[in-house]
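For reference, the structure I am asking about is given below.
In this document, chain identifiers A, B, C, D, E, F and G correspond to the written order of the chains, with residue numbering beginning at 1 in each.
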Amino acid sequence: MLKPLGDRVVLKVEKEKEETVGGIVLASNAKEKPQTGKVIAVGDGKMLDNGQKAVPSVKVDDKVLFDKYAGTEVKYDGEDYLIVRDSDIMAIVD
Amino acid sequence: MLKPLGDRVVLKVEKEKEETVGGIVLASNAKEKPQTGKVIAVGDGKMLDNGQKAVPSVKVDDKVLFDKYAGTEVKYDGEDYLIVRDSDIMAIVD
Amino acid sequence: MLKPLGDRVVLKVEKEKEETVGGIVLASNAKEKPQTGKVIAVGDGKMLDNGQKAVPSVKVDDKVLFDKYAGTEVKYDGEDYLIVRDSDIMAIVD
Amino acid sequence: MLKPLGDRVVLKVEKEKEETVGGIVLASNAKEKPQTGKVIAVGDGKMLDNGQKAVPSVKVDDKVLFDKYAGTEVKYDGEDYLIVRDSDIMAIVD
Amino acid sequence: MLKPLGDRVVLKVEKEKEETVGGIVLASNAKEKPQTGKVIAVGDGKMLDNGQKAVPSVKVDDKVLFDKYAGTEVKYDGEDYLIVRDSDIMAIVD
Amino acid sequence: MLKPLGDRVVLKVEKEKEETVGGIVLASNAKEKPQTGKVIAVGDGKMLDNGQKAVPSVKVDDKVLFDKYAGTEVKYDGEDYLIVRDSDIMAIVD
Amino acid sequence: MLKPLGDRVVLKVEKEKEETVGGIVLASNAKEKPQTGKVIAVGDGKMLDNGQKAVPSVKVDDKVLFDKYAGTEVKYDGEDYLIVRDSDIMAIVD
């Protein structure tokens, strides 16, 4: 199991379907859209200046919206995950 | 539903009408004007250094003025939204 | 009405009269001079690290001196305003 | 009257006499020397993180030494002043 | 023995097996994957602003995931180690 | 007299003797050595975030070691001084 | 004697033996290895934001590992020393 540290969150990214027309990959919009993923594991929370830990803002199984370029890709047990910081997650999608 | 995290705010942007003369798009003023939008959802507020959360300065349905280049565009349920930080909102328009 | 947020202040800028000689605009001094304006509206004050708000240092109707390049131009109800941060205002002109 | 805000100080700069030999302006030393000025007005002091204000380190009529490139020139009532931050003043000259 | 200071952690890195085909080293994926290592020694923890020390988030013998470019290589007693900061460790691999 | 403000210290620099061979100035070592000076005057100490002042770490007449490129040269009463910050002084030479 | 200030530490560096083969200096490894030294003197500790001093993490006679490019070389009484900051020391070598 991957146990993220501090304010890190392990996500399973939902693949973007590339739009194609007759097999040709269409250039996506100039302005990048954020991506969605599912929360797999959550760290203990960010260490604050006073030594306490901030409560993470997401929990396991939340579907979240994050910036496409945030985080680090991790391969674990043959699966791809993304480790992002709690603050890189913009919104929970209910 | 989109539930923004921390100091983030979900806005529905009011489209700028491009001024045209005879179908020609006129170059806007050199100095960019800010844009207006309506607040759709508000996060819990920014995490302060002491672990408490700041009270957000806007509420749902406020009409707000924000910098044109702030935030991230989000498509959700076929609608376009903008997620900005509370601090990128300059003023409430009454 | 424009209700500025946080440490922002709405100003009505006093137009600089461009000096001209026979209709020719004279190059102003190399070193930029600050400009003056009248305070139209004042935000609640800057959020401090401890969650409290700083008392703004200007009030409505103050005539103030600010840096020419500070702030964002806003058009509202056909009038031009400037939104600056409290800290960009250098002095009150009595 | 000019009432400086926060940690700002209004100075009346003492003109440097340019050294000339037979009307030719001599290049000053490569390493810039600081300049002196007289304190005309002092702000309330810098806002600290805890919301209190720091006591300014100079008072009206102090003769002070400051960095030549610090501050903003202001013309007021036909007189030139310089507005600097308290922290740009290096020493009081007794 | 190496006794790391502050928020530093001494790791024994697990060598990545370079994939080769017929002796040719294959270019790895464009996006760098993080690496794993075993914790050998842990410092006392990061000095906080209030003078206290943060509790380190890993302990000796933990298998950890860290960014490939983090840390400093150290040779000690004929063995290679890597000294990283606690905050460069992304996750514990159980 | 020069009364330095805050964490500033007035030093009288000890001139480095340039090494010459037959009148030719020899290039000093590539890695710059720090210089020594005598403390002439000390400010009240650096303003801390809580509004208190830090006790300066040097006193008048201390012989100190400082970085060659730190500080600002000041000419006062025909004498050259250097104003440095307390934190630019590396060591006291007993 | 050299009395380092604040979080500074005076080290006596252990010379690296350059590896040579038949008198030719061999290029060291591309990735720089840190160096070791012996602690000669330790400052009072870093001034914290609350005005207190952090306890230094090394003591006189400790053998330490530091980054090769950290610190400032000092010549004193014909001997070469290195002054580094406490935080540049990575580990104590027992």
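Everything below uses one rule, namely that contacts are C-beta pairs under 8 Å (C-beta built on N, C-alpha and C of every residue); 3 or more make two chains touch, one makes a residue touch a chain.
Source: prediction; values computed, not measured.
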Going from chain E to chain G via touching chains takes a minimum number of steps equal to 1
Neighbour overlap between chain E and chain F returns G
Chain-centre distance (mean CA atoms) for chain C and chain F, in whole Å, is 41
Per the C-alpha means, the centres of chain C and chain D lie apart by a whole-Å value of 23
When centres are defined as mean Cα positions, the distance from chain C to chain G in whole Å is 51
The positions of chain B in contact with two or more other chains are 49-50
Each chain touches its two neighbours in the ring; listed from chain F on toward chain G, they are F, G, E, A, B, C, D
The chain F residues in contact with chain G across the complex are 31, 33-34, 46, 48-50, 52, 54, 57-58, 65, 67, 87, 89-94
In the complex, chain F touches chain D at residues 1-6, 8, 10, 41, 44, 47, 49-51, 72-76, 83
